[in-house]
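Each chain gets a letter, A, B, C and D, in the order it is written, and its residues are counted from 1.
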Amino acid sequence: MSTPSTPTPFEPVIIGFTCNWCSYRAADLAGTARIKYPPNVRLIRVMCSGRIDPTLVLKALSEGADGVLIAGCHPGECHYLEQNYKALRRHRLLQKTLAQFGIEPARVRLAWASAAEGAKFAGEIAAMVDQVKALGPLNWPARPVPEGRAHADEVAA
Amino acid sequence: MKALFYPGCAMQKNARPYLDSLQAIREDIGLELREVEDWNCCGATEYMSVYRVAAHALVGRNLALAQDQAGDTRVLAAGCSACYLNLAKTDARMGEDAHLKATVNEALAAGGLEYRPGSLEVRHLLDLVCHDIGYEAVKARVVKPLHGLKVAAYYGCQVVRPDYDGRWDDHEHPTAMDKLLAVLGAEPVDWALKTQCCGGHMSVIGPEVAYGLIRRLVHGAQQAGADLVVTLCPMCQLNLDAYQVEMNRHFHSDYRMPVLYFTQLMGLAFGKPAKALGIGKEFVSAAPALARIQAEAPKVAETKRKRRPKPGDALPMPGME
Amino acid sequence: MASDKQPEGQERIGVYVCHCGSNIAGVVDVESVARFAADDLKDRGVVLARDYTFMCSVAGQELIEQDIHEQRLTRVVVAACSPHLHEKTFRGVCERSGVNPYLSEMASIREHVAWVHADKAAATAKAKAIVSGTVERVLQNDPLEAIKVPIDAQTLVVGGGIAGIQAALEVAEAGYDVVLVEREASLGGHMAQFDKTFPTLDCAACILTPKMAAAGAHPKIHLYTWSEVEKVEGFVGSYTVTVRKKPRYVDEDICTGCGICVEKCPVLVVDDKFEAGIGYRKAIYWPFAQAVPNLPVLDPDTCTYYVGGKGGAGGGCKACEKFCPTVPNSIKFDQTEERVTLRVGNIILATGWDLFDARRIPQYGYGRLANVFTNLELERMCNAAGPTGGRVVLRDGQNAPKRVGIVHCVGSRDRHYNRHCSAICCMQSLKLAHLVKERTGAEVYNFYIDIRTPGKEYDEFYQRVLDDGVHFVRGKVAEITDVPFDPAEAGREVEGTLYVQVEDTLAGLQRRIPVDMVVLSAGLEPRRDSAAVGKTFGIACSTSGWFIEKHAKMDPIATMTEGVFIAGCAAGPKDIPASVSQGSAAAARVLNYIRQGELALEPVRASVLEAQCSGCRICNGLCPFNAISFVAERQVSEINAALCQGCGTCVAACPAGAIQGTGFSDAQLFAQIEGLLRDVQREPEAA
Amino acid sequence: MAATPGDNRLDHCIQCGTCGGSCPSGAEMDHTPRRLFALIRAGERDAVLASNAPWYCVSCYYCTVRCPQDIRITDLMYTLKSMAIEAGLFHDASLPDFSETFVDYVEKYGRSFELGLATRFNLRHHPIGLAGMAPLGLGMLKRGRMDLLPQRIDNLAQLTAILDKAKALESPS
């Protein structure tokens, strides 16, 4: 429907890290319930959002992703007791690091969704896509992933 | 403590005794009040019934004025329940609804004003007295304790509900004013109607509904053994006091339950002359009730020792912590 | 692609794209995805790619097996539904065909693509990206072996209510030892407090007592009442549990349960535990008549020996001691708490529920209005062994009510208190309505939002209560008051009448229904200490406080911690048949493990590469399961594979990259990211 | 109609009747609040806007704090009132008139004016009742609790500008 003069609208590519127990299952449930959301997010399953270390996020951004979504169980509902709090703290720190890299912190979004919250998960994805669309393409030149792990000692706790 | 003060239309006139008694006790409890300059009506429960957004703009002007005049305090105090609620509501709604905030501020801009939600702390006078100034400070000023006076603390609706900031212990059975009255030496009665409705605007638009509600409250206070009802709101006072007379006429009853403001009782306990507190301006005279104040605290009957229950005896009541 | 491990030509990957009928093929161009895998991913080791209608069917599985044999596949990618559905299926296919099962991967293109996107082109492109990512990932997979741990045959059951009793009996009957720990002084739980049980109206005690007695007498059941589990260490198969035995002040080995001490004790206090506050007990007391074990317990908070009677603390009457006929004396004023350490292989938690505190809803007047009762109070009142001998009376203890209102959903289905439906209160309210009607002939009103009777013979019981002539008013009660609205209402009613103010929503009217007694059907809540208990056992609670099952539907008995199972109301409100079933189900799971003798665990585990570990110990405090310890002599950290649950937090935190997360290693995740973004056109670097 | 502004939680109503049961004037309403919500869902716009229920709301907020679904019922009543005024469907014209009279004074003076409000409202709707109410008014005057003339704020122009702008934003047409 777009006229030849208008350029193709920007469709961001987003990598979504989901935990095995809540958010990945929420994504499954969104599917089972046939809840539609934009196709811009590609999901990776890990066991727990506590597994997400900043290097993985930087890797995704450096490989061409325009944004990264990290989704875990609700605080207090982590299947590994409280590891999602670690994800929360790392996310805070990571946002500061991103700002230093000149990347808008809003490109990395943290969301909570329980296994029963398919609709919420779909909503988070839609919001994330809108958010990244508003920011435009990242165009972060491909660069080697930092050798050491950024601020690992600070993010550990 | 320092606070900006929004008197509201009622306190200017029909609730003059409320304002007078407040002025009389202010210094004793160290409450510095500065009136918001050129405030306008809050719209009561009516403006919002006609215009949804403009109602917030109407209140928004007051908030913006107060914010600009705030100086060394963030607290904006109101004495009337409806004024308090309207100020608190607009502040809360603008805070949670970005669209409303933008719209109200666009309207305020037409008058050269802007309000940043959350920049003021909207409080009711009773809340300040009980929770900030504190019972101890009040107690320290009591020179004529109200011994022997049985009082029904009446909170009405809009101070304890919906309570945007969670300032009250309970939405149905609050106890803050009861504690305050006890500190003054009076005996608060336990009654179930302390947060029931006084009739609000129904006294004008549907008096028969209001009379029913007024009678229930007046009767309930009387049944509970109260000498008088103590209120914190001009609307409640007006309905329970002035309309009590109309209610009596409507039902051919003869209730005589005086209704005073908590500030008036504070003034009495602080030893202020009744006249300075606006006492005597009520429709149902408080004089007979106030005559019951004794110099000594009444003796509390000793509780009997528990005996062993026998079959058929009363079952124990659940404890209330 | 700058991947560390190039396939070097020796890996042979097969990619299978499932149509799932039209579920996937209706949105995703499956042929195009298969072609993409075969052509574009050829350089990544894909030697063949097929699309097929149902990969999970026998024919679909045989297709893979055949290819493994004929095409010498070394790794397999199935693009189909969620791995939570069929990961095991395709791992099994690999295993049968001689490929290590952990060298297969699933790409979810149904739940995450076909079912959530409408744009076919975009969906197909996304499916290709996912397949590409999965191919990269599978290249980095290592062949793994399941971890085997031995299972200790002794089982711990926590909670001696009906669910726990059932579980303990099932395991013991199979011939294995059970340690049954109960916090209260007797087995029985809430069920022991009830009068009748719905819908059959069996007497609760008649059906519970035999089970309690059987559990108490069973040679394989080791009972610890008046005890709590304090500490749990270890992992599935070999847990070490510390049980704290609270002092009973009665010697369990000597006491014969004759009851003279109870009879002679002069101190009478309200029993707010078993009698729900409407009866009394002594300072030394039986929890209740049929208590198991048949031993009294002394309450130091009310006994004059401790609180100080004549002669001050330490004096007191000591009547119990004076009159105790046993030699030596059974009363032990100086008893202290004891700790017992036990080894168990599995744990069943059946810790039950707490009753909603009806005082939290002030407008219902509980605690303020004498004749407002809770459902539990009425249960005790109906019980022939209860404080009123089974008479339903007002708080005055004398008069029977002529009109009774029963309020459903008290504290349930309400955002201010609990959002859940307590599941049993409709039936309990119907049962109580029936009992009140039967005992008093009173007019009974049930105030409800919805009547929920989804059990066997439950709705039939509702019909029976309708036949009884019980009135039903559809409306959530707004308030209960003893204040008449006006003199006319006061004139019609006697002093002390309670008014139930409610909107009769079917009539569309506000009504004030006068009654003499109100019964609040207070709902079921999680135990107030459930979060702490969950922490002790290493399992999680939802924010509402119920324990979380491994899977709410497909695995409601297991938890995320291997070897810890839940039964009964600990995971949410349940009626008696469901609690009994869960007790049996948990026992079946445990027996399964015991009979296997050892257990194969998913090899998703973290391990430390000692050569890279600097011994900084950052990981040590991070592990929620205390699986990481520091080995002082080698100055490195070590992970206990059986304790590790594989969350990967330590992997993410290790500053030296010395911790490997099997199954979710950095190499796997990095490769998957690269594969997923294969199609993304990156801007050329600035010139 | 279902998209009643002011509260998007209306869809969560479970028709339990806590609102109608709690309402001090619930017995006098033609439809309880619960029933109004059912009518809104059924698309019965006219029946909703003709109802006396919103006007009988005394703003006691009992329904709001007790609603198990956290619906801001009192605020919805305000919304319905303003919609009813726009639609002009109510049976009893005196109901909105009180609010409108009140608004009139506020806009003219910046303050409310009890004497004027009561007189004007009663003159129009209860000319007989007014005579009966006279002692009350007189009593108020005698006790110095009522003004004969309204008070006016200083910067009325500012208030007028703000309210005009707000109204324009409220109903963009």
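Criterion: contacts are C-beta pairs under 8 Å (C-beta built on N, C-alpha and C of every residue); 3 or more make two chains touch, one makes a residue touch a chain.
Since we're looking at a predicted model, the values are computed, not measured.
Engineer: Which chain's centre, taken as the mean of its Cα atoms, is farthest from the centre of chain A?
Structural biologist: B
Engineer: Comparing the two chain pairs, does A-C have more C-beta contacts than B-C, or is it the other way round?
Structural biologist: A-C
Engineer: Mind checking the centre-to-centre distance between chain A and chain B? Centres are C-alpha means, answer in whole Å.
Structural biologist: 51
Engineer: Between chain A and chain D, tell me the centre distance in angstrom, where each centre is the average of that chain's C-alpha atoms.
Structural biologist: Centres of chain A and chain D (C-alpha means) sit 48 Å apart.
Engineer: Once you find the CA centre of chain A and the CA centre of chain C, what distance in Å lies between them?
Structural biologist: 31
Engineer: What positions in chain C touch 2 or more of the other chains?
Structural biologist: Each of 363 in chain C touches at least two other chains.
Engineer: Of all the residues in chain A, which ones touch at least 2 other chains?
Structural biologist: none
Engineer: Which chain B residues reach two or more other chains?
Structural biologist: Answer for chain B, listing residues that touch two or more other chains: there are none.
Engineer: Provide the full list of chain pairs in touch.
Structural biologist: Here the touching chain pairs work out to A-C, B-C, B-D, C-D.
Engineer: State the interface residues of chain B toward chain C in the complex, per the touch definition above.
Structural biologist: 170, 172-173, 192-193, 212, 215-216, 219-220, 223, 308-309, 311-321
Engineer: Sort out for me which residues of chain C touch chain B in the complex.
Structural biologist: Residues 268, 270, 272, 277-280, 359, 362-363, 365-368, 370, 374, 387-389, 393, 395-398, 481-483, 485-487 of chain C touch chain B in their complex.
Engineer: Using the touch rule from the top, collect the residues of chain C that touch chain D in their complex.
Structural biologist: Residues 363, 413-416, 449, 474-479, 501-505, 508-510.
Engineer: Any idea which chain B residues touch chain D in the complex?
Structural biologist: That would be residues 9, 12-17, 38-41, 43-58, 60-61, 82, 103-104, 106-113, 157-158, 161-163, 171, 196-197, 199-202, 204-207, 209, 213, 242-243, 245-246, 249, 281-283 of chain B.
Engineer: Given the complex with chain B, which residues does chain D contribute to the contact?
Structural biologist: 5-6, 24-25, 28, 54-56, 58-62, 64-65, 72, 74, 78-79, 81-82, 85, 94-96, 98-100, 102-103, 106, 110-112, 114, 117-118, 121-122, 129, 132-133, 135-136, 139-140, 143-147, 151, 153-155, 158-159, 161-167, 169-170
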